[in-house]
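Below are two complexes that have subunit A in common, paired first with subunit B and then with subunit C.
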Partner chain A sequence: MVSIRFHGRGGQGAKTASRIAGTAAFLEGFTAQDSPLYGAERRGAPVSASTRIDRKPIRERGVIARPDLVMIADASLIPDPSARVLEGVDERTVVFVNSPLAADQARAQFSIPGRVTTLDLTGIALEHFGKRGAISALLGAVAGRLAGLRQGSIREAIARELTDLGLAPPVIERNQTVAARCFEAVQPVELDVGARQAMAVAQLRAPTYEPPTKGTAGITAGPNSAIRSMSGWRTFRPVLNPELCNGCWLCFANCPEGAITIKPDGKPAIYYPHCKGCLDCVEVCPTDAMTVERETEAANNT
Partner chain B sequence: MTWEPHIFKELHQIPREEHVFPGTPLCAGCGGLESLRLASKVLGSRVVYINAAGCFTNLASFPFTPLDASWLYTTMGSAPAGAQGVRDALDVLIAKGRLPKDEDVKVVVLAGDGSTYDMALSSTSGAITRKLDFYYFCYDNEAYGNTGVQLSPSTPYGARTTTSPCSVQHPAGSTQEKKDIFEIWRAHRPPYMATVSPRFPLDLEEKFARAADYPGPKLFLAFAACPTGWLFDPAYTPDVARLAVECGIWPLKEAINGEVTHTYVPKRRPVEEYLKLQGRFRHLFEPARQEEAIKHIQDRVDSYWEKVKA
Partner chain C sequence: MNKMNQTSQMMTGNLAAAWGARLADVDYIPGFPITPQTEIVETLSKWCDSGEVNARFVTLDSEHSMMTAAGAAAATGARVFTATSSQGLLHAFEVLYTVAGWRVPFVLVNVSRALASPITLEPDHNDVLAARDSGFLQIHAETCQEVLDSILMAYRIAEDPRVCLPAMVNLDGFYLSFTREPVIVPDPQAVKTFLPPFRPAHLGFKGSAPRALGPAVFGGSVYSYFRHQMHLAAMNGLQVHEEAAVEFERLFGRRYGLVEAYKLDDAEDVLVMTNAFASKGKAAVDAARAEGKRVGLLRLRVIRPWPAEAIRQALQGRRAVAVLDQNLAPGQGGILYQEIAACLYHGAQRPRALCSFIGGLGGKNISEGEFRSVFEQTAEAGARGTGIGPVLLYTEGEHREMEQLQYLAHDLKTGK
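Moving on to the complex of A and B:
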């Protein structure tokens, strides 16, 4: 059995990529299983999905704890402990990272124990689609290649899954073409799907509840969410050119996050740890003082 | 009878002080959050938010909160009942002299359209009838968003949701008309009601400031462009919100003791411009244009504004 675990941010297409890989395998006569992990599917939030492919019926269920292949759609998730991207990864696991870095560099920079291969899917998508959007087809095609699936079945799987999402035929065709390029471009690494040590049986512990006399859970501190960094959510960042800013405050008014503050001189300033990269400020700025830059390094670097 | 703001005449009057802080897990580009943040600038921090389950429940996920106000979580059907309890408790404290009157706290229901248009209708009707002194802030993303975008009574005709897909039987997607919750509220004659859009921040701030003069039930219906549910890039949240108003789909209005005033009368661009920005309406244009469905949406908007003029 080949077990593939996908990680991405809501909106990036990790869930659909997992479906594409599963459907392609099914078309080749395999038994396949693909399922997203239910949770907050909010755009930008960490999401994961599991795909299992086998010749025999698959009895395993649930999240893949010891993956053969991990597909990382967004490198900024790696240091995020809540995303659990590297869980169950050991030196035998193959890890794909969507990154412009070379495999060695990515392996070192993100301290990945497994064997790494990379390709800059975001860059390729930007180049061919001209805007940010889901990279599901590209990620699915790369996963298929690494899992040893055929290009033809991946092409067909992309058509089926994207049609289900209501995409128009020309868009689907473009996705297929770009996905085929990624299929060819990625450096394959042989999967090691040999006998894997079974996980130790998990012991379930009954939680110890506090007596109700102690009260219910409450947050008594002030607005403490501001201590969290949202930097890892961004694929792009808005950049303010103060020379072009006319001080109208539209960006300040329209930032859903409150990441833009007004300085004592009446001009706005972006505080990056609070910015999720929605780019609404770029859209509302009447003087083009806000421009867009692609994030290059991993998360939490503001 | 053009409507004039009394207080908020230019953007520099928007308070710099924040009351909904960053760091929430809500989606990048959430139009609902944008409205709440602006509203809170007028509401201030002496507030208890009574929050019905929905996306906004994620605002305060233990141990973090973005609010410098208090927050109470209720079921989808019972936020107005929760508000009644909190209001009563505050009144008792004031009566007993344990809370000075000038330190009173505003009671604000925070609910999605699923609660507002659907599950909490009877609880809301009861609260209005009892003349409960509270604000009702509905962020309207036209679907049950938090659970993965299912059809709600607020979903407009022609929109695709996960439970109203565009199918052979229903090529237009949703075949229902958006429920007119504004008129349902208005039939109760509450003292103050308004629709708002965050892309019209002065109109929004002005309405929250005016509402403060009206004790009793106060409704705010906030247009909540939802990139996740409506399938558009988060950068277009402001454009979607602007076009909703400019195409006449989301009228900006207020009703004082039931008397309606439109606070902005758009020139009305074709609804297509609004629809085309969003993936949830894409099937109306691709692979083939569904002329009839598009015309249906335009006709509904036109007949609404005909009545406004009359």
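Moving on to the complex of A and C:
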């Protein structure tokens, strides 16, 4: 069995990429299973998805604990402990990172124990689509290539999955074309899917009763969202050009994180530590005063 | 505090429930009317208005809101009472589980009424037993006196730091709710001794100290821990109930067990029942004993936590046991029968036959003749060594009336 785990941020297309890989394998006659995991839907929040491919019936469910291949759509997830991107990764695991960095650089910078491959999917998407958007087709194509699937089945899988999402045929075609380039830009690797060591019998713990102060699900530590930085969630950042701003406050009203405040002069200001890069403010700005800049791995610490 | 101060008066089960809340000196009563419960909240609203009860009474827009208000008020550290029935309980169902997870002790009285459809007003226990897995403790009462006493005990058990779960006290609609019988009203000073002021360490909202109850947890292990704590808390209720029962007897002279044994000592066959119809069951036991049959009755009083050991003790070594469920799980049978069977399974001396009877659905009477049939079939099953059921208690005569109704409802109109 080949086990592929995808990691991305809500809106990037990790779930769809996982489905593209699953559908492509299915079309080639494999037994396939794809299964996403996300919490309360929130753009920018960590998302993972698992695709399993085998010749035999798949007797597994849920998140892949020991992946053969990890597909990382957003490198900013790697240091986030809640995203568990490197869980179960060891030296035999193949790890793909969507990054302009070279494989060795990425391996060193993110301390990845596995065999690393990189490609700047975001840069390719910007170049060919001319705008920010989901990279599901590109990520799915690279996953398929690394897992040894055929280009034709991936092309068909992209059509099926993007049609399901309601995309127009010309958009789907463009995705197929760019995905084919990504497919060719990556070399297939030998996945080590050999026998695993059996797990030891679990030591079960019989919980004892604890007083309600401990045993009740509650938080008394007070508001803590102020100290939670969401800078790492951004692939892109909104930037305000005050010259073009007409002071309509639509960005302020639409920011889902309350990261935009109004200054005494009536103009908005973005508080970047709470900005998750959803770019809703850019969408609603009537005067194009909000522009978009791509974050780089090293720079988005503000 | 002495027992002489206890005076008795004629009162309905509903009035007895209101008295329970009054004596518990509750702070907050969210209410919503529903037959056959309305008299409880009506009485309490009157007492709140007259100042006899020093509580805030609020009418909510539904039972869902009512139960949310009850849980939220209890989370502030207030002592809360509320009541509902049947469809109302089901409307509040989502919130039952939610507030139980908040570990907020308050008392909810449910006046049992069979569930739609078809709609009716009279009792069976599909309403209260549907809530058996919610995390609420459950005490089921046989008499109006027991309704009042159980509310006081329920507060004491629910508020104990070893438990801290909400509690439900159940009484049968009509057969108790609207039925008057003599009830001793406990001395309020003695009740204050029995129920000290509610001071929960883990509850109490303040504007200056915000807190979140029941926040989101993902991944399953954190959830497992908290849900299992609820199980342990409910199981602690068995011991806490016993302690409360001892103290209650000391102060008021009445003793309540987790289960009640009626003429069990030499009984070879045992009938298991709950709630008001257990009175009829006891009369049936007396009648059968007059004919020389060695039968007895086990009344289940505390349903959650499930007193498995007490039930095993009472039923082991019997020839046959008949569980009379006043409920029906379609596609399964009697609800309590399943739980009794499970807790007897590992007993060394489990009864030779375990029989399941379904009776009193929608408040249908269980006649003397039907009880005779139950005892007869149970004795035969015991002699044979194999159980039977589920057997519906529903007579030939009743079916003739049913056919007449079907004729009126269909054939007469269509002229067939």
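Things to note:
In this text, the second predicted complex is superposed on the first by the 223 of 302 C-alpha atoms of A that agree within 3 Å, B and C clash if a C-alpha of one lies under 4 Å from a C-alpha of the other, contacts with A are read in each partner's own complex, and residues count from 1 in each chain.
Note that a residue touches a chain if its C-beta (ideal position, glycine included) is under 8 Å from a C-beta of that chain, and two chains touch if they have at least 3 such contacts.
From a predicted model like this one, the values you see are computed outputs, not experimental measurements.
Looking at the shared chain after the overlay, A:34 reaches neither subunit B nor subunit C. Using the contact criterion defined above for the overlaid structures, shared-chain residue A:295 touches neither subunit B nor subunit C, since it reaches no partner. Once the two complexes are laid over each other on the shared chain, residue contacts for A:225 go to subunit B alone; subunit C is not touched.
Of the two partner chains placed around the shared chain by superposition, subunit C is the only one that A:210 touches, whereas subunit B remains out of contact.
In the superposition on chain A, contact of A:80 is made with neither subunit B nor subunit C. Put subunit B and subunit C next to each other and count what each touches on subunit A; the higher total goes to B. Contacts of A:68 after superposition on the shared chain: neither subunit B nor subunit C is touched. Of the two partner chains placed by the overlay, only subunit B lies in contact with A:283; subunit C stays clear of it. In the superposition on chain A, the residues of subunit A touched by subunit B in one structure and by subunit C in the other are 40, 217, 219, 222-223.
Within the complex, the subunit A residues that touch subunit B are 10-11, 40-45, 131-133, 166-169, 217, 219, 221-228, 230, 233, 248-250, 252-259, 261-262, 266, 271, 274, 276-280, 282-284.
Of all residues in subunit B, those touching subunit A in their complex are 11-12, 14, 16, 18-31, 33-34, 37-38, 55, 58, 60, 62-68, 148, 160, 165-166, 198-199, 201, 227-228, 233-239, 279, 282-283, 286-287. Interface residues of subunit A, counted against subunit C in their complex, comprise 39-40, 207-213, 215-220, 222-223.
If you check the complex, the residues on subunit C that touch subunit A are 101-103, 161-162, 164, 200-203, 209-218, 222, 225-226, 228-229, 232-233, 236.
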